[in-house]
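These are the structures, in structure tokens.
Both complexes below contain chain A, partnered by chain B and then by chain C.
This part shows the complex of A and B:
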């Protein structure tokens, strides 16, 4: 029993990490039908800058957090200007995919050249000693990851529902042109969603760093898993992402323990194929009816 | 008319310089992962090679010619390894190759050196095929100065079974060519003692939570974990062990001596034991002391990220120099013959080798050159 609880907790914490990255995809997909394919590398950037400020420069935690938000805003803006805006103007369906992928490669290689290629330990401000509940051990950071992920998703969903700006985002995601006619500056809304997604990814980077270690490659695998999470949950649903993350995270740890470690990624990806076949817009996604 | 004469003289001059086709430098190809997760090993190896090449050039080069290193990044990708080696051989016309790090990359690329009859000294990859290649190529051009997985897995199993008298072992390896090759060889070493692993687990590069694998081992009553992987994931094993409140000794590949294992596992890594060829802390051999001093100064890195890779890289370059000197030229077959029959004993920083290679054995490092290292207090020592 304890063993299963331990596995569940590990799976949930891991799943929340995936959700955080996936949430970045959903955020911008809703407004622009585009997302940053390199969101994993934005997460990495957050982890690396966080490490440089908190571990190397020994700045206080709050100062680091502000630094991270600033970096997220700047990088989000550069990404929008270089990769998204040109695609919006040319109405291209593929340019943004390649542009954001290229942006991520440049980001990763720059970090490798100017920072380091090694893996570093990020000391959690909550300490690195696991809390014990009977024989079940949990890192305080894992609890923090779960709480912060929930707060971010619920917070952003509430923001979309109750604030004017949030409602504008929903309006743009429902119908861009009508929203424009209603006086909403859709380009600003799209820019805003990219900034928000990029800031969330950077914060996620420092949040997961104590568990995943900090390195130029820390976001690569997370980014790929998060694609699956987004598709399973539905690309337009914030809560769907949470569910998708939980499904992938928990199925990984249970499969690894009770079937075989070699197959641990299999159930999640089999589910992905099934969802694509039978529920192409995801578990929580809305049915898309394209009028011709 | 004047211009015509000038033109003729000019073309003559070009003709003369381009006719003297004998290259002025000795081009040596160095390849390994300089970006990506395996980069710390690749970079330390390359730094070791660079240091040796600089010293050789400062002392006048080899047979009066300077060494020119041509470095290529294989990104730890097998197919990329094949490409860069073809480039080093066909375009750059390197006379010898040093590297790489990753087993899969080595196995996908050494065949090109073999085809072109260019000698290659593998200086880090422990799992790459070397002596196994004699079957197909009696004239084998691939050499190694690194503790092969045969040597390592035997020493790991001996430490666990014969020295520490453990009965129940768990095996945990990554799913790369390297990890699975190590698993296979450790299982064979166990089989010679009529033993079988109680559990065999796998993990992926960049995995950070090893709870399921460890719980399986814990349930099976494993008394010692034999691990094959690289630094960060090995650290994840040590950390997950603490998380589930279970601690058994970890014995594994030389990569347990990597800084990114020691720093990321912190106190959870203490006691991890590994076979290795070079210990930075408390080096007494004067050559090694000087090597460390120069390395720390040149690359501003202390301790070295992956000291074993740096030392083997340094030795591989000097070994090649000794062979080229003896061969009196850069003909591949002659360098190979010189490596197989080195007249002077080779004093390296890892060991002193009398006839490191022979016609039938291309492994410089034997069990006698390898000792067990233990992690403790943020470093590894003997």
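This part shows the complex of A and C:
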């Protein structure tokens, strides 16, 4: 029983990381019908830069956090300029998929060439001693991940609901043309959503680093699972990713324990295929009627 | 000497390589690898280039082919320390065929999500699919020996060993075969159906193309060919392990395809060659190759839409006609003119016995709270032009969409040519003899005008898939006959001079005419014209009026949706008037025009 609770908490923590990456997919998909197929590599960048600042350069935690936000903004802007903006003008409706994939492998390979191909341990600022709740032991980092992830998702959703810039994002998501007529600069909104998604992914990278290892490859499969989370939750939905992350994270940790670690990725992918077959717009997605 | 034989000789030339040199590294390691990957990339091109979907899971099909061959041919003595349990030890040929079939089956299974999904959704599913296959080959140790892989013997047939450079004698003919099949397929009505689905699913369905059928087949064929590549790959090093078949490999093959250029065999080979050769030419390139490929992909995507093949074909344009048997455009035009001279356009029009070509009863459509079509009763009589008019938003286009099966009515019945339409899919209604044009043009933009009309004639093609793949004589003859007839349809609407122009380059009025030609080409009994005159000049409208009357004379019944009253009065026999989805008047034009309800709907009431 205790073991199951521990498994559940680790699963939830892992799932929240997927949710953060997926949250980025959904936000940009809403504003631009595109998302960064390599958001997982932005997470990796967050982990790597976090490691360099906090573990190697021994900067204070808060300085590292600022550094990560800055890196997220800069890379998000470069992504926008090199991949998203040209895709907006391209006639092909799959160009963005390939462009962001390309950007991601450039990023990953650059980290390998200019940093390292090895794995590194990232020490949690909260230490490595499990907190004891009766007989259940939980790593403080896992609790941190869950709290911070929830704060980010709720915070951004509240921002969209109550601030004027946030409302502009919702407006562009609902109807680009009408939003433009209302004087909203939709290209700025799209850029903004990509910056936000990149920064969130980078923060997710430092959050997850202490419970995995930091390496150039840490984002690849994680990013793929985040697609599953995003689509299970519904690409159009904000809070849906939390449920999606929960489902994938928990099913993964249970599979790893009770079936085989080798198969821990399988349930997420199978679930993804099944959901798309039977509920093409996800659990919370809206159904759209195509007009001719 | 005949050009044809020169090109045959050129194709056979690489077979001499093992005789000229015995450099193992370049012939076996590089050329054979390029060949095998080229088959894989060409299979990927069917999905990405022709169907227009992104697959990031082709490494999975490649793996199925490779592992089927490895498992079925492996020998116990070479895998003595493995966890393998089964050693069927089948001959290579049988194993290869099994690999192709199994991979095709996997493609069939992937085809179903592909029907409902496009763009990012499908791309993500292909990733999940590829990763699942990767997980299974890593974990099913009794079947695949897990991460340690499977060792095979080098292939030997009747004492001839395909070891080392001799592998070329196996893989090169397979490459030629695969490329030939793909070329035959993509140049046939199948290939046009694939592309039609890519450019406009709706217009494809209205030309009688079943999206499910063609899309699933495309996935099956693509996966089968990828499986062939995989089966050959198993022989490359006579050893395989899961690492080759990772997600990254799928991505890299996709990059090779795009950089080389889609919908082009030259592009497939070029892209793969660059992918294999670059790491070989530059020292330490392997370390940073993904940076280079990533940048190359971005550049090609936005600056070189046709990839390297586009560059090469520009450069080679001067010499290309020497190698191919293709004629120049004007030659082809005269040729088509001659061939189409004796074509009779109207002899195959379906003859209906029923007097009511189309009948709706209480037809109703709602979108949420809005009733777009409200209990519509309408009858179109055989051989007449029936006008359907009404102010904006009165439900005219919705009615057409109901009749063609794009929307499902919430209530009411509709029958055409004595058949209940309700249970039929769009493409089945097209086969029954209902054709339409679109208010918002739905042409297949990158295809030529002639090809657009040939898509309209989709149901005239009778060749089966095997005949097409192997390009039989009957098949080529059919293609030529239908091409000639398609040209005649272009002549009918006056577009013969732009037969080889891409649809996207046509002037607006020409595009409208092309829509009519494409619809007519399907030999419809009932033609639905959805605002054919929208945006046209009065001269062009005159022309369309004349066409409508000619079609009517030929026995086609027409439902004409229009705003232009002049046009309605000039050509229609009967008119139905809609307002807010309800029929407010019906009868001949004169009666309808003086009907107080109609006047009110169009001009409002006094006071």
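The rule we apply is simple: the second predicted complex is superposed on the first by the 279 of 292 C-alpha atoms of A that agree within 3 Å, B and C clash if a C-alpha of one lies under 4 Å from a C-alpha of the other, contacts with A are read in each partner's own complex, and residues count from 1 in each chain.
Basically, contacts are C-beta pairs under 8 Å (C-beta built on N, C-alpha and C of every residue); 3 or more make two chains touch, one makes a residue touch a chain.
All of these numbers come straight from a predicted model, not from anything done at the bench.
Enquirer: Between chain B and chain C, positioned on chain A by superposition, is the outcome a clash or a fit?
Expert: On the shared chain A, the partners clash.
Enquirer: Of the partners chain B and chain C, which touch A:266 in the superposed model: first, second, both, neither?
Expert: Touch partner of A:266: chain C, not chain B.
Enquirer: Once the shared chain is lined up, is A:224 touching chain B (first), chain C (second), both, or neither of them?
Expert: second
Enquirer: Between chain B (first) and chain C (second), which does A:139 come into contact with in this model arrangement: first, second, both, or neither?
Expert: Touch partner of A:139: chain B, not chain C.
Enquirer: Taking the superposition as given, does A:257 touch the first partner, chain B, the second, chain C, both, or neither?
Expert: first
Enquirer: With both structures fitted on chain A, tell me whether chain B or chain C touches more of chain A's residues.
Expert: Tallying touched residues of chain A, the top partner is C.
Enquirer: Using the superposition on chain A described above, determine whether A:112 touches chain B (first), chain C (second), both, or neither.
Expert: both
Enquirer: On the A-aligned overlay, A:120 touches which partner chain: chain B = first, chain C = second, or both, or neither?
Expert: So A:120 only meets chain B here.
Enquirer: In the overlay, answer first, second, both or neither for which of chain B and chain C A:63 touches.
Expert: In the superposed model, A:63 contacts neither chain B nor chain C.
Enquirer: Can you list the residues of chain A that meet both chain B and chain C?
Expert: Chain A residues touching both partners: 109, 112, 220-221, 260, 262.
Enquirer: Under the stated contact criterion, what part of chain A meets chain B in this complex?
Expert: Those residues of chain A that touch chain B are 3, 6-7, 10, 13-14, 109, 112, 117-121, 128, 130, 132, 135, 137-139, 211-213, 215-218, 220-221, 253-254, 256-257, 260-262, 264.
Enquirer: Any idea which chain B residues touch chain A in the complex?
Expert: 34-37, 39-40, 43, 175, 201-204, 206, 208-209, 211-213, 215-216, 219, 231-232, 235, 242-245, 259-260, 263-264, 266, 305
Enquirer: Any idea which chain C residues touch chain A in the complex?
Expert: Chain C residues touching chain A: 52-54, 56, 112-113, 116-117, 119-121, 123-125, 127-129, 131-132, 135, 138-139, 202, 247-248, 251, 254-255, 258, 287-291, 293-295, 297-298, 301-302, 305, 367, 397, 401, 406, 438, 440, 442.
Enquirer: Name, in rising order, each residue of chain A that touches chain C in their complex.
Expert: 29, 35, 37, 82-83, 86, 90, 92-95, 97-99, 101-106, 108-110, 112-113, 220-221, 224, 227-228, 231, 235, 260, 262-263, 265-266, 268-270, 272-273, 276-277, 280, 289, 292
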